[in-house]
Structure formats: C-alpha cells, structure tokens
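Structure in structure tokens, see below.
Going in written order, the chains are labelled A, B, C, D, E, F, G, H, I, J, K and L, and every chain counts its residues from 1.
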Amino acid sequence: MKDAKSAKHAARATAAVLAPALADLIDLSLACKQAHWNLEGPFFSPLHALFDAMTDEYRAWYDEVAERLLALGVPADGRSSTVAAKSRVEEMPSGRLPGPKAVEAMTERVESLAKRLRGDLDRLGDLDPVSQDMVIGILAGVEKQAWMLRVQNA
Amino acid sequence: MKDAKSAKHAARATAAVLAPALADLIDLSLACKQAHWNLEGPFFSPLHALFDAMTDEYRAWYDEVAERLLALGVPADGRSSTVAAKSRVEEMPSGRLPGPKAVEAMTERVESLAKRLRGDLDRLGDLDPVSQDMVIGILAGVEKQAWMLRVQNA
Amino acid sequence: MKDAKSAKHAARATAAVLAPALADLIDLSLACKQAHWNLEGPFFSPLHALFDAMTDEYRAWYDEVAERLLALGVPADGRSSTVAAKSRVEEMPSGRLPGPKAVEAMTERVESLAKRLRGDLDRLGDLDPVSQDMVIGILAGVEKQAWMLRVQNA
Amino acid sequence: MKDAKSAKHAARATAAVLAPALADLIDLSLACKQAHWNLEGPFFSPLHALFDAMTDEYRAWYDEVAERLLALGVPADGRSSTVAAKSRVEEMPSGRLPGPKAVEAMTERVESLAKRLRGDLDRLGDLDPVSQDMVIGILAGVEKQAWMLRVQNA
Amino acid sequence: MKDAKSAKHAARATAAVLAPALADLIDLSLACKQAHWNLEGPFFSPLHALFDAMTDEYRAWYDEVAERLLALGVPADGRSSTVAAKSRVEEMPSGRLPGPKAVEAMTERVESLAKRLRGDLDRLGDLDPVSQDMVIGILAGVEKQAWMLRVQNA
Amino acid sequence: MKDAKSAKHAARATAAVLAPALADLIDLSLACKQAHWNLEGPFFSPLHALFDAMTDEYRAWYDEVAERLLALGVPADGRSSTVAAKSRVEEMPSGRLPGPKAVEAMTERVESLAKRLRGDLDRLGDLDPVSQDMVIGILAGVEKQAWMLRVQNA
Amino acid sequence: MKDAKSAKHAARATAAVLAPALADLIDLSLACKQAHWNLEGPFFSPLHALFDAMTDEYRAWYDEVAERLLALGVPADGRSSTVAAKSRVEEMPSGRLPGPKAVEAMTERVESLAKRLRGDLDRLGDLDPVSQDMVIGILAGVEKQAWMLRVQNA
Amino acid sequence: MKDAKSAKHAARATAAVLAPALADLIDLSLACKQAHWNLEGPFFSPLHALFDAMTDEYRAWYDEVAERLLALGVPADGRSSTVAAKSRVEEMPSGRLPGPKAVEAMTERVESLAKRLRGDLDRLGDLDPVSQDMVIGILAGVEKQAWMLRVQNA
Amino acid sequence: MKDAKSAKHAARATAAVLAPALADLIDLSLACKQAHWNLEGPFFSPLHALFDAMTDEYRAWYDEVAERLLALGVPADGRSSTVAAKSRVEEMPSGRLPGPKAVEAMTERVESLAKRLRGDLDRLGDLDPVSQDMVIGILAGVEKQAWMLRVQNA
Amino acid sequence: MKDAKSAKHAARATAAVLAPALADLIDLSLACKQAHWNLEGPFFSPLHALFDAMTDEYRAWYDEVAERLLALGVPADGRSSTVAAKSRVEEMPSGRLPGPKAVEAMTERVESLAKRLRGDLDRLGDLDPVSQDMVIGILAGVEKQAWMLRVQNA
Amino acid sequence: MKDAKSAKHAARATAAVLAPALADLIDLSLACKQAHWNLEGPFFSPLHALFDAMTDEYRAWYDEVAERLLALGVPADGRSSTVAAKSRVEEMPSGRLPGPKAVEAMTERVESLAKRLRGDLDRLGDLDPVSQDMVIGILAGVEKQAWMLRVQNA
Amino acid sequence: MKDAKSAKHAARATAAVLAPALADLIDLSLACKQAHWNLEGPFFSPLHALFDAMTDEYRAWYDEVAERLLALGVPADGRSSTVAAKSRVEEMPSGRLPGPKAVEAMTERVESLAKRLRGDLDRLGDLDPVSQDMVIGILAGVEKQAWMLRVQNA
C-alpha cells in the first residue's frame, strides 16, 4: 500500500520535472523551424539542413518525454497554448535571420536548455532512474548540438 | 516597374492568406500529438498510429506553406507564441482522452480547417495559382483525414 | 500422340476448374475494396488496412491462377462482364458498411470460397499436381483470412 | 445553413461525375490484366510488362477516386456487377491477343477514357476544385499512356 | 588477485539477479505469442499486431540479458524446462482470449515484470553499472508497454 | 450437416497432429538459443551465427503451425509450461557447450524432429492437404538444417 | 470533326508554349552543371551539392515537358543545336566561378525562367489544363529554387 | 533397423531421379546465358533481359536440387564434365542467334525439361514427398517460362 | 620548378584531349533523350527504356570527365553553346523516329564516339595515366552500348 | 579501310585470348558450387558461404568477358560442352569434400587461373587496352581469392 | 560565475579521463585491422569478418568519445603520433597471425581496455553523468567482444 | 623455378612501394578525423561532413592496399607505431582548427600524397599491373579530393 503511494508520489514528482522539459523541447523544435525558414546569407544551404536535422531530434526527444509522462501515469500537455505559456525558451526574433544571427540565437537557446536539463539530473536520479537515463541521453544530444553551433561563431 | 509592384502586392496579399493557415497547420500538428499521447480505451492502438501519421502530414504541409511564404518574399512565423495567438484551431481538451472523444475533437478541428482552406481557394486563384494549387493539394489531404475520422464516430 | 492428346485433355479439364476460381478471386478483390472504402464505425482504421492487405493477396492469387491457365495453353478471362456473370461470390451490399457488418459480409464470402477451393483439390490432384499445389497454397491463405475475420465477430 | 446545403449539393453533383469514372478505371484495370495475360507474338515481353505497369496505375487512380467520393460523403460502388453495368469502356475481345491487336484495343479504350475525363473538367471546376485537380492529375497519366500505346502502332 | 576475486564475486551476484529476469523475459515472449494467436473479438487486428511487436521486444531483451550473462562469465539457461520452472510470470490462461481479457492478462504480467526489474536496480547499481544500465533500458521499454496496455482497459 | 461434422472432425484430428509439433518447434527455438549463447571453442563465430539463423527459422515455423491451428478452429498452446511438458525434444545440456558438442546435440534433436514430422505426413494427407503441404515445407527446411549440422561432425 | 480539329489546334498552340520552356529547362540543367563544376571559394561544398540537386530537378522537369509534348502529338526537340539556338536563358560565364558570383548568375537565370513560366499560365489555362497544372508544379519548384539562391546573396 | 535401411534406399532412389535433373538445370542455365549473349535482331533488348532472368531462376533451382541431394545424404555432381556428359538438354547452336531462333531454341529445351520433370512426379511421390513438392514448385516455374517463350513465336 | 611546369603542361595537354570528349558526351546524352522521346513503332517500350538508361550513362560519364578537368586545374565548359559548337556528334534528325531509324542513328553516333575515344588512348597514356584509365572505363561502356545497338539492326 | 581491317584483326586476336578465359571462369563457377555443396567438417559453415560468394564473383566475371567478346564482334561460347572441352581448369574430385581438401583443391585451381590471366596481360595490352583493363580487374579479384584460400591451409 | 568555473573544471577533469580512452580506442581499431589482414589458418574466414566488425565498433566508439570531448569544450587529439605515444594498448605482433594467436592477442587487449574503462566509471560519475553513460555503453560493447573472443580459445 | 623466383622478387619490390602508401593512407584517415573534430568557424557544417566522407575514402583505400599486400604474399603493417614512424604525411596541428586553416592543412597533405602516388606509377607498371591499376584508381580519388579542397581557399 505504502509502496504504491510512494511510487505514485515519485511519479508525480518526476512528472513535475519532465513537463517543463516537454514544453521546452516542443518550443525548440518550432524555434529550429523558424530559423530553418527565415535564414539568409551565404551559409543558407548547410544551416537550412542543420536546423532541419535538429528539428527532427527535438521531435524525437519530445515524443520520448511525453510518452514517459504517460508511462508514469500522468497526461502530457503539448498544446500550443501550454507551450507558449510554460516554455522557458526565449522567444525567437521574428523575420529574416542572417546566418550568424540565427546560429547565435540557437546557440543561446540550446545552451540554456542544456543547463536546465543538467540541473534536473540529480533530482531525477532520486525519483526515477528510467527518466534520469532518458534525460541523460537527450542531454548528450543537446550538448552535441550546442558544440556544433557554438564553434560556428567561434 | 508596375509589374514588379503588382507582383509584390499579390505576394503580400497571398501571404496574408497563407500566414494564418501556417499557424493552423502547426497547431493541428500539436493537437494530433496531444491526442496521440493522451488516448485511452480499447481503440488506443490504431488511433495512436493514426494520429501519428496525421502529425506527419501536418508537419509536411506546414513546411510547404512556410517555404511558399519565403518563396513569395515574406518571412514565415511559426513561433509557439504566434501559433498560440493566431491559430484558429480550437484548443484541445487537456488530460486523458477516451478514443471516441479524441476522434470527435479531431474531427471538428479537421473539418473546420477544411472549411477555412476551401474558403481561401478563390482568393488564392486570383492572386497566385501556385499557392492555390498547393492549398488544393493540402485540402485534398485534409478532407481525406476528415472522412477517416468522421466515419469512426458514425 | 496419345500422350499429347491426354495432356491436352487434362489441361482443358484443369482449366475448367481454374476459370471459375479466377472469376471468384477477381470478384473478391473488388469486394475487399468495396469494404475498404465504405467502412464505418470505430474499427475503421484497422479494418481499412486489413481489407487493403487482403485485396493485395487476391490480386496476387488471381494473377497466379490466370498465368497458370495460360501455361496450360488456355486463355484467361478476367473481364468485368465475365466476372460479373461467372463469379460465385455473393454480391456485396452497396453503401455504407458498419465494421461488424463488413466483417460478417467478408467472412461469409471468404469461407464460401475456401469451401469451393477445397472441393476442387481432389479433381486437381488427378489432373495436374502443379495446379493442385498452387490451389493448396491459395487455400492456406484464404483459410488464414477466414480465421482472422471470423474471430472478430466471435 | 444554406452553405451546408449547397456544399452537400455540390458534393452530390461531383459524385455524379466521379462515379462513372470509377467504374471506367476499375474496368480498365481488368482490361489491362486481360491483355497482360493473353498476349501473343514477339512483343510479348515488353508489352506484358507495360500492361502490368498500366494496371498498377489504374488501381492507384481508382483508389484515389473512390476515396474522394467518400471524402465527399458519398459511398463508392466498385462491385463487379456495377462495373460491368456502368462502365463505358468497350468490352475487351476474349481469347488470345496478338501484340498489335492488344495495343490497338488498349489505345482505343485509353483514348476514349481520356476524352471522357477531359469532358468532365469544366463541370468539376465549377463544383469542386479538389476533385478537378485530382482528375487533371489522372488525365495527365492517361494521356501519357495513350501516347505510349499510340506510337507503337504508328 | 583480490580484485579478480571480487570481480568474480560481483559477476556471480549480478548473474543471480539477471538469471530470473532472463526466464521471465523468455516466458513473456511466449505469453505474448499465446495472446497473439488466441485473440478474439473486434479488436483482433490491432492487438494481433501489438502482441507480435511486443514479442519482438522480449526476444531482443532476453538475447541482451543472456549475452550479458556470458559477458560476466556465467552460462545462460533459457531452456523450456528452466523457463517453466523458474519464471515468475503467472501462467497465461489457455484457449480463446477475447481482446479485453488478453489485454488485462498481459497488463498484469507486464506490470509485475516492471516491478521486479525496478526492484533489481539498486542491487545492480552496486554490483555492475553495465548490467544496471541495460536493465534500465529494458525497464523503460517494459513500462512503455505497460502504459499502452493499461489505457486500453481504462 | 454431415459435411460440417466431418470437417470439424478432420480439423480436430489434424490439430492433434499439429499441437505436439508446435511444442517441439518452440522448444527447438529455445534449444538453438541455448546453443547460440553457451558456445565455446574456435568455431564460436560461425556456429553462433548459424544457431541464430536456425532460431529464426523455428520461430517462423511455429508461428505458421500455430496460425494453422487457429485456421482449423482450434486454439494454439505455446505456453512455457505446455512446451516443457509436451515437447518431445530432448532437454539440452546446461552450461558451456564446446562447438562439436553443440553441433552433435543439435544434430540429434533436429534429426529426431525430422523423423517425427515425416511420420505425420501420411495422416495429414488423409486429413488436410493444406496442413500436409505446410509440414512438407517445414520438413524440407528441417532436413536441410540436419544436413548442414551433420556434415560438421562428419 | 470540328472537335478533333479544335483539339489539334489547341495541342499545337500548347506545344508552341511548351517548346521554348523545354529549351530553357535543358539549358538550365547544363548551366547548373557548369556552376557545379567551376565553383570556387569557401562555399564550394554546399553549393556544389545544391547545384547538383538543382540539375536533377531540371532533368526531371524537362523530361516531363518533353513527354507532355509527345502526349499532345507534337515531337519534342531537345537537341543541343536547338537548345543553343532557342533557349532564352542567358549564357553562363565561362571559367572559374567564385561562389557568390555563381549564386548571382543562377539567381538571375532562375528568376527569369520563373517570370517566363508565370507569364505562360493564363494562356495554358485556356488551351490545356493538364499542361497548365504541370507548369504550375514546375513553377512552384523553380520559385523555391529562386528563394534558396536569392537569400544567399541577401 | 529396417526402417533406416528402407529410408536409405528411398533416398538413393530419389537421388537417382534428382541427379539428372540437376545436370539439366545447370545446362539450361548455361544455354540461357548463351542465348542472352549471342542474340541479334530488333527484339534484342527484352529478350536479353528475359534470358538473364531465366538464368537466375535456373541457378536458384539447381542450387535447391543439389542441396536436396545432400539433405538425402547423397553428394551432388555439378561439374562441367558431368553436365556435358549427363545433361539431356540438346546442345544450343553456336554463334549468333537471331531473336526468333533463340526463342525457338529455348522453347524446345524448356518444354522438354517440363516433360521430363512432370514424368518424375509420380515416382518422387512414392519415394519422398519433400522432393516431389520441390520438383512441383520448379515445374510450375518451368511451365511458366515455356508459356512466355511459346507465345512469342505464336 | 621544372617538374611543376611540366606537370602543368601535361595537365593542359590532357585537358585539350578531354574537353572535346566532354562536349561529345553531353551531346550524346541529349541525343539519347531525343530518341527516347520521339520514338515510334512496335519496339517503343524497350527502346524507350534503353535510351533512358544510356542517357544515365552519358550523364555519369560527362560528370566524371568534367571533374577530371577540374582536378587537372582546368575549367570545364559544358554550356549548351559550347556543346552545340564543339561537339563532334552528328546532329540527330528532328521529329518522329521509327525504332529502326532511331537505333541506326544512335549506332552510328555511338560507334563514332568509340573510335574517337580509342584514338585518344595513346596520347593520354603519355600525358596522364589517371585520365587514360578513366577513358578506358568509359570506352568499355561505350563499346558495350555499340554492341547492343548494332545487333538490333543486324 | 586498312584501319578497319587491322581493327578486325585485333578484335579476333583479342577474342582468341578471351575465349579460353571464358571457359575457365564458367568452369570455376561450377567448381565453386561443387565445393559449396559437398563440403564436410567443422569448417562447413564459413566455407559454404565463401564458396557461394566466390561463385557470384565468377558469374559476374564471365558475364563481363562474354559481353566483351560480343562488343568485339565475336560470338561467345559458354555451352557446357565447350566448357567441358576447352576449360583449362583441372576437374574437381567428385563426392564429399572435407574442408581442408576443398580449400586445397580450390587454391590450386584459383592460383592456376591467376597465372594464366597474368600471362595474357602483355598480349592484351598490345591488342586492346579495354580488354586488358578488364582482365586486370578480374585478376585483382582472383588473386584476392587466392590469398584468402591459401592462408587457410597455411 | 562560480558555477561556470566549476563546470569548466569538471569538463577538463572529464577530458583528462576521456583523452587516453580516445587513444586506446583508435589504437584498437588499427590493431583489429592488423589482425583482419594478417590472419592465417582454417579459421580465417569468420575471424576476418569478426575483426572487421570489431573495427567498425571501435571507429564508432572513438568518434563518440572525440565528439564528447569537443562538446566539453576540449579539443580531441587522434593523430597517429599521439595515438602511438599515449595509447595504453600493447603493440600487436607484426607479420602473419595464425588464428588462435590473433584471438589471444585481441582477447588480452580488449580485456585490458575493459578493465581501464571500468576503472574510470566512478570518477566520471562524479564529474559528468553524460560521459559516464557514454562510457558504460562502450564498456558493454567491449565486454561483449571480450566474451566472444575469450570463448574461442576456451 | 626461375619464374617463381622472379615473381617473388616482383612481389617484394611491389610491396616495398605499397607499404609506405599504406602508412600514408592510414595517417591521412586520422588526419581527416582530426580536422573533422576540431573544426571551428562558419564553415563547420559542410567541412565536418566533407572530412568525414574523405575519412571513409581513406579507410576504403588503405584496406584495398593492405589486402593487395597480402595477395602478394607480404604481411601488412598498419599498427599505430608503424604509421607514426613510417608515414610521410606531415603531422596535423593540434587543437582547434578554423575552417580555412583546416582546408589549407588538408590540401597540402592531400596534394603531397598525390605527388608521391603519381611518382610510384611507373615503377608499379614494371612490377605489377594489378597494383598499378589499383594505385591509379586511388590517385584519381585523391586528386579529386585535392581539387575540392584547393578551390575552397582559392
């Protein structure tokens, strides 16, 4: 009985960590597309492809997080209103985006996400090793993206 | 000179039709995922797959619309804040979604979109046959989705 | 000389068994499509896919039967008028088909076909072991379809 | 209210154009197979392959037309009896088909279909641009087939 | 010397945790097939496919566990007699399985496995981080299965 | 009436032949995996691959047999307890298996199965030519395996 | 009779629009290859790939246009002498092409083609909706290319 | 004891039927290649492809027959000297082969093979149903080839 | 120093051999397409496919030659005006092409090319073994094409 | 005139070198199959696969040689009687082949072929660089096979 | 501020653990190739393939480690001079390698690497869970390789 | 006897040419990876991909060279110590590599290799035409790489 209760408690506490990450990841998938579309300048071609590949990664990651929430017995909320309200990702600038500015904008947002995910690891380790392992996997990918963006404006 | 002006004018007028459709299509991709995740009931398995396939279609369609905007010389805006503010898609209910309720919710939203897109066709025909042809193609797909959903609650 | 004659005779007798099976199989491929299109109700999605997969099987089987006829030196007749006139498959109901009714309609027609094909086996064994082996292979598939349909209304 | 009524009216009128095209396309798929099987003469090999590829095109096209009918809210009727009764495709000759005769038979039937589909375009344009666009796509393919057949007996 | 001893000790202790998991996973692969075959009712089609996909996952997981045992220097025992004797998975009911009953039976067995695997994590963490990481990966998949089954009878 | 009865009787009698074959085939799939995992000696690499490929064949064959049982209207029983109790396959030795011993163990078990399946052919021919044809197909594969194993210890 | 005449007339008039487009599209495929080969500068790698992908598009498009001409009963002329004489595409500069100059040269040529194709739409709509629909499809692609090139020198 | 003896006897008797078929099938694979290479005339292209596809079938069939011999415990002999000495296939003409002559030559050889294989069926049925089933499968393919060749010179 | 000079000299001399071959190969790719489109007669189908496959070979070959020029430090010139002016390929006849005439026209052009390429081999061997090896590879393909065409009118 | 004569002479002389190589390569493809089938001993599995892969190489090589003969205007002769009479490959032993003996037999035959092909290179270089280049390519593969066989009995 | 400092410190400390692992993994990829090439004896075929597959794993692993270093902001050093100087992998013997000796050499080197990687886990857990998780994944693969090698000389 | 001696002598002399090329090619594969990892600047994305593709080419080439050495009967030495000691490739700079510097570094190393390989051709032609042909093939690829790099800093 007690076990079930504490399992439920841990699930809810885990969900409280994952839900904002879900909003962030969905928001970053849209931010990537925003950069993918409005790019300008001589680096258009490879950056257009890079932002598309990054979008695919965000889509895979947010699906994984949302389905982990459900596995924990908690509904996922990925509606645009929730994303707009809860995402901690800074809003992308509107309109045309010269390459270096697009890279800079995405670098900042990706590095911020990496910091937030890294900050969640210990708490997740206490609550649910499966969610922790999933977030470590996502963080590895996010930090790889951050490197690839960061060195472009180095 | 005049030609260039009127071409620019037509492009802007076309963009004014396409931009809200872009917001709607992005929003529906998130609505589909919302249904994909929070489904319940004995129809889970096929509906889970159906909503995923529909999401893929919305993603392909909004990419097409956004890139048409750029081809017309107008930036695309697919940021979560814009989508939340501009989308004409009714907000999905939060939390668990029994199959029939999910089907009903998606049927309404898909049929509304179909009506809006159909309403845009004449104006697009006057402004830009390329955009009109693209929207006809999307509408064909949207109306096919509407049929497949509608008959499930028939 | 006699051998050639008796071979010709056996070929014609075999063809007399295969020709009606050809009409039946073509007719069932159209019956499957009829169900695939006009389905209704919550089981739409998996049944829509199932009837499509069954159509593919009927198409492969009737091609095999028709080409066996030619290999036996006898023309194949798969024209719509012939199918409509010669097929022993009961006509499908027109209009919308709620899932269980579609399953029931197809179960009956598939089981009837199975019975007819099984009834042909001995005669084919006497006439042409190649045709018999082909029909055994088709019958195995038809009886598998019958099982998958039958248990859905169990 | 009125809008819904006129939409329903347009759907029915569109369906009245598409239903006979459905019967024709199914019938031609069977006519192609008839030619595919009963071919004779030195051109057997490439014509056998050509008629098979054409069959695949007819199957894809009639599926598209039938599903458009459903999207318009109208059941599709592709039963063999309906096809035999309603198809406007001239019946194929029975029995063996020497290559040039097969090509000639198919050329006539394909060209007739093309004429009928072309004759439907204006009416469809008034009723339903989605159906019109679909038929234009099919017509493009049918006229390509007609060319490839016609020049073989040139 | 001591190191080698303690490594051997840890390997044996790890194997003592993994061996029953191996039996459970093999047994569940057979339980899934049992449900895959004997299903009945209108949900046959999607459940038949779901149980097959789950079987594939169990087969991949038990191969992974068995090969980890070998990597630890301990033989794996996956013989039917061992599985029947050692598996902690409740025996599946024999005979026909109506869809909801099949879902219920599998939900219970999958959730029990998840609990057992989760209960092994701490001990594995002390003994062998590689095995722990492997079991976390399997547990993530098992809990995802549990969600997908559980909501079907919700 | 009588026909239906005798068909039911034949189905049951066929099932009485197939059910033990099902247990044997499942058991051999586990025996193959047992050998695949616990192999030792310089022939490890090719034998490890061979036993895996053989496992895939047993899995495909037992699925075919089980689904034939269902097509005959008889439930399939592939639970570990049933397999352990009913299988006529001699238990594999536990623990490490030097290559030649593994080959010898599998040769004996595969050849025994071949003998049993061959012994069933006449009875199946009387009862159900579809099942007979299926078993002939499996026997062809089993005898091919037996050859490939046998010559390794020649 | 009159119908056939007017159809022939429309076909010829359509061909008069398509033939120069054929020359232009072939010429642009060669212009793309010219840029693909003689590129220089740090943007070599992505531009080399982009011009190759564009070449593939031109090849697909001119094949489509040429085969439409044949479908209309008019021979296609894509010989180098005709292309050199009839193409309205400005000759590419010879020799090495620094990236930005290559992008500029292609932008101008692609935008000119877009203008010409757009100018043909109304006339084609009057003559042959199939050809119009084909050109709309090509124009959509050409304007997408123009966008991707234009923003690189923005 | 007696069983083993009679099994051995049946195996040898079966091998006595299969061995000449092996020589024939290898010889026909070389005859097909001979025709594939030395073809002449306007039908070159499709016949060149047809003879290649037929070669692939002969290669698959003779591999199947040879491995069945081994499964029966009898060595296979497919050496060129054995094929040249034992094959019952009439030697192909050397040098250039005009299309119709190539078709005629292959038709005769394929039809002769079909007759010989058909003549073996009863004996094989008495000796070894597995070998009989294999030869029925090959015969089905050989008779299909015979049809496709025969009608070309019809 | 001297080495660099003589290397440059050899590169230029090699380029002087390759540049006309580039024009020829591009021209033949257009000639193939010309035949592919305007074919007539009963051999349409296989010849239409053959000329398309040949076009693909010419495209691959001219890309290889052009990129070799660049590797030698010399710009490639594949513009339509250059091809029209420099190509040594005889102009194709315009308009419809009955099969045998198309085969004859292509045979002559392909054989002429083969002669020219063969005539370049010695000089290339003195100047640049890499270019010689490339031309030998192309020549092997060209002579294979010549054979396949030549025998069709034999 | 003289050129054509000397070209014809060179073609015939080249063919005189290639024809025996054709017989050898066909013979080795059959020798490989002979070893593939009749193998025995613990190395069965990898050698069975190796001899199959080698057969594929011989088949590809002899097709290349035969088609080169045709390109030179000389018929190819790959009939079993010719192969048996002309091949310089030592006859394989009949019956069962223990692994090491099979490897030894194939090593000898492959090394002999390599020597013969190497001996042809100079003459081919004088006559036809295309054929020489082809034989160098084949020789590279043959010597690689020789290495892989030779070291197995080292 | 402090956080950033300590993050940088942790990154450097992590890099100090990963850099030697990078050198080891590159060195082992070359050691595997060394064994792949110089193998001798009857086990050549499967070992040749095994060492190639292992090389692929080492290449994937060292790419992962190097890119993790970059993600941590530290350059990767995989130059041959660094590998030769820093790798802790014992130098492979030069020259021919009989199978068992190759297996023994690789077993020792792979087991040593496993020990070193296992020794790094705790320190990595304190510094960077992402790197720890990556190394656990690699270690799982390395220990699987060690098992597969070890049992071959058992 | 003498022949065998001189063949052995030629093999050793050939090996003396190939061995240093092996070291160079392995070293360049590591140099490419070094650039692939430590790149910086706006060209990161396409250069990161380019250096990876080049690495794949070097790996394929050095495998080819090493296996040629073995075919010549000479062991291959690709150990890191040998590569570090024998490679004639200049050591890459350590640490971060801005794009243009990376391109420059690789251009120099690739051009040097090309020169060395070209310098080996005559000697190889005297010793072993198979090795010469292989090196010509590699040189073609290396010079293509050199072009693609060189023009980026043009």
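Just so it is clear, a residue touches a chain if its C-beta (ideal position, glycine included) is under 8 Å from a C-beta of that chain, and two chains touch if they have at least 3 such contacts.
This structure is a prediction, so every number in the text was calculated from the model and none was measured.
Path length between subunit B and subunit H in the touching-chain graph (shortest route): 2.
Subunit I and subunit L have Cα centroids separated by 31 Å. Rounded to whole angstrom, the centroid-to-centroid distance between subunit H and subunit I, based on C-alpha atoms, equals 42 Å.
Each chain gets one centre point, the mean of its Cα atoms, and the points for subunit A and subunit H are 62 Å apart.
Each of the following residues of subunit K touches two or more other chains: 43, 45-46, 67, 70, 96, 133, 151. Remark: the chains found to touch one another pair up as A-B, A-E, A-G, A-K, A-L, B-C, B-D, B-E, B-G, C-D, C-E, C-F, C-H, D-G, D-H, D-I, E-F, E-K, F-H, F-J, F-K, G-I, G-L, H-I, H-J, I-J, I-L, J-K, J-L, K-L. Contact residues of subunit H toward subunit C in the complex are 121, 133, 136-137, 139-140, 143-144, 146-147, 151.
Contact residues of subunit A toward subunit L in the complex are 43, 45-47, 49-50, 99-100, 103, 148, 151-154.
Across the complex, subunit K is touched by residues 26-27, 30-31, 33-34, 37-38, 59, 63, 66-67, 69-70, 75-85, 87, 91-92, 94-96 of subunit L. Contact residues on subunit J toward subunit I in their complex (touch as defined above): 67-68, 70-71, 73, 129-130, 133-134. Residue ranges of subunit C in contact with subunit B, taken from their complex: 39-46, 48, 96, 98.
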